[in-house]
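The structure is given below, and queries will be raised subsequently.
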Amino acid sequence: MAPTNSPPAFEKEQIFGMAEKEMEYRVELFNKLTHTCFNKCIENKYKESELNMGENSCIDRCVSKYWQVTNLVGQLLGNNRPPM
Amino acid sequence: MAPTNSPPAFEKEQIFGMAEKEMEYRVELFNKLTHTCFNKCIENKYKESELNMGENSCIDRCVSKYWQVTNLVGQLLGNNRPPM
Amino acid sequence: MAPTNSPPAFEKEQIFGMAEKEMEYRVELFNKLTHTCFNKCIENKYKESELNMGENSCIDRCVSKYWQVTNLVGQLLGNNRPPM
Amino acid sequence: MDKSMLGDLDSLPEEDKLRMSSMIDQLQIRDSLRMYNSLVERCFTDCVDTFRRKSLDKQEETCVRRCAEKFLKHSMRVGMRFAELNQGAATPD
Amino acid sequence: MDKSMLGDLDSLPEEDKLRMSSMIDQLQIRDSLRMYNSLVERCFTDCVDTFRRKSLDKQEETCVRRCAEKFLKHSMRVGMRFAELNQGAATPD
Amino acid sequence: MDKSMLGDLDSLPEEDKLRMSSMIDQLQIRDSLRMYNSLVERCFTDCVDTFRRKSLDKQEETCVRRCAEKFLKHSMRVGMRFAELNQGAATPD
């Protein structure tokens, strides 16, 4: 960023705009991950309201793998930083 | 709301922000309801462009049940007011 | 637009708001088209990372037909201009 | 979606009323454009399945027309029922 | 979604902190309302399939309750795992 | 999505041009981040189906790579065809 001679109000808007997009991205990542792992791990007959042991370990692994896919796709897209 | 001593401009932004989110929520509720009941009630072969009697009564009941599910889930989430 | 006597700041906000909605619409159209044609044309076993000849020509026709459906639905909704 | 479902503006001061009304207009424009996009997506997905030519054939076109008309009628009916529920006019089974 | 996942505000000047914090609040409100809507959609889609009456029957109601409770527990667990990954606490297989 | 598809700014006064251009930048950033998210969701859904370990196996990783590369190529081709249609360059069947 230019230190002083640029219009600071406009520049600040840009920075806040970027920060907002970043946060929207994180929220969307979390929501997609949550819905996708629910689809993969939870049987949709809902015989009980507790998560059973199989579902719990499936969730943990699903989150971990989703995270890895996020990093892998990020590399392919040329991002040089982790998803968060 | 505090009557005078608080920064009114900032506070007003908050109120307008809340109102905007509320309205977005209502629009999204209506759209999800519309799409879900279309999926449940309308056969997707489209042999004619009119709604038949069976479809019409299915729609009415679907809207009614969707509304009840909205209220039920709202209770579980700890909302103490109706969906609108 | 009224030339001078109207409140220009408020009016300008309206115009920028409209322009923003239009652009969001175009982005969404492009994204829905892309995802729909991927579903229709690309086999999801991913045996290779290249598009084969059948997929390529399917994509071209899919885009063309999607465009026509956009125009057709636009006419039914009473739009008198093309989708872009 | 009917504008009246989004809120009652009468209690607001004039200046806020204008702003709130403009906000509702913007939401409605966004909503109609999204509806347009999702209607196209739905009718395309349900009606178009072959890609041997680049133009819609007669049968696909008919299907798309019916799909869109049916969706609009459906949407209007849902809107009426929805408005009744909002006004607490729901009657027991 | 936990607020702390959205960013660290300590390094900002006071005025910007207020604005950023308000932005985060707005995003969280929007996110909870969207979550509410999509939870309703999911549980309705999975649990309600017959439309011979206009009221939920006992079985549908039980299904919706379980679906919603299960989703909330699922979502909390995902949140914990997600937070660990964010903090680089992930351990090898 | 190509910036040029979003509009022609040449006719605007300088100040509005700056604002409009900034708006387009913001939409593009949001769009790329959304695209990233939905690409991950799609390739994960299509490629990962077993949860006996917490790391991707070789086969899943290959599938994700191909899926992402294929989607990007697909998306570029769609963009070209879309641009042609926007410019009215569409030719009959």
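A, B, C, D, E and F are the chain letters, set down in written order, and residue numbers restart from 1 in every chain.
What we mean here is this: contacts are C-beta pairs under 8 Å (C-beta built on N, C-alpha and C of every residue); 3 or more make two chains touch, one makes a residue touch a chain.
The structure presented is a predicted model; accordingly, all values stated were derived computationally and were not measured.
Using the average of C-alpha coordinates as each chain's centre, C ends up farthest from chain E. Relative to chain A, the chain whose mean Cα position lies farthest away is D. For the pair chain A and chain F, the distance between mean C-alpha positions equals 17 Å. The distance from the centre of chain B to the centre of chain F, with each centre set as the mean of the Cα atoms, comes to 30 Å. Looking at chain D, residues 34, 38, 47, 53-55, 65, 69 sit in touch with two or more other chains.
For chain A, residues that reach two or more other chains under the stated contact definition are 22, 24, 41, 60, 64.
For chain D in complex with chain B, the touching residues are 1, 5-7, 16, 19-20, 23-24, 27, 31, 34-35, 38, 42, 46-47, 63, 65-67, 69-71, 73-75, 77-79, 81-82, 85-86, 90. Residues of chain D touching chain C in their complex: 18, 22, 26, 29-30, 33-34, 36-41, 43-45, 47-49, 51-56, 60-61, 64-65, 68-69, 72. Chain A makes touch with chain E in their complex at residues 12, 16, 19-20, 22-24, 26-27, 30-31, 33-35, 37-38, 41-42, 44, 46-51, 55-56, 59-60, 63-64, 67, 84. Every residue of chain A that touches chain F in the complex is listed here, in rising order: 10, 13-14, 17-18, 21-22, 24-25, 28-29, 32, 36, 39-41, 57-58, 60-62, 64-66, 68-70, 72-74, 76-77, 79.
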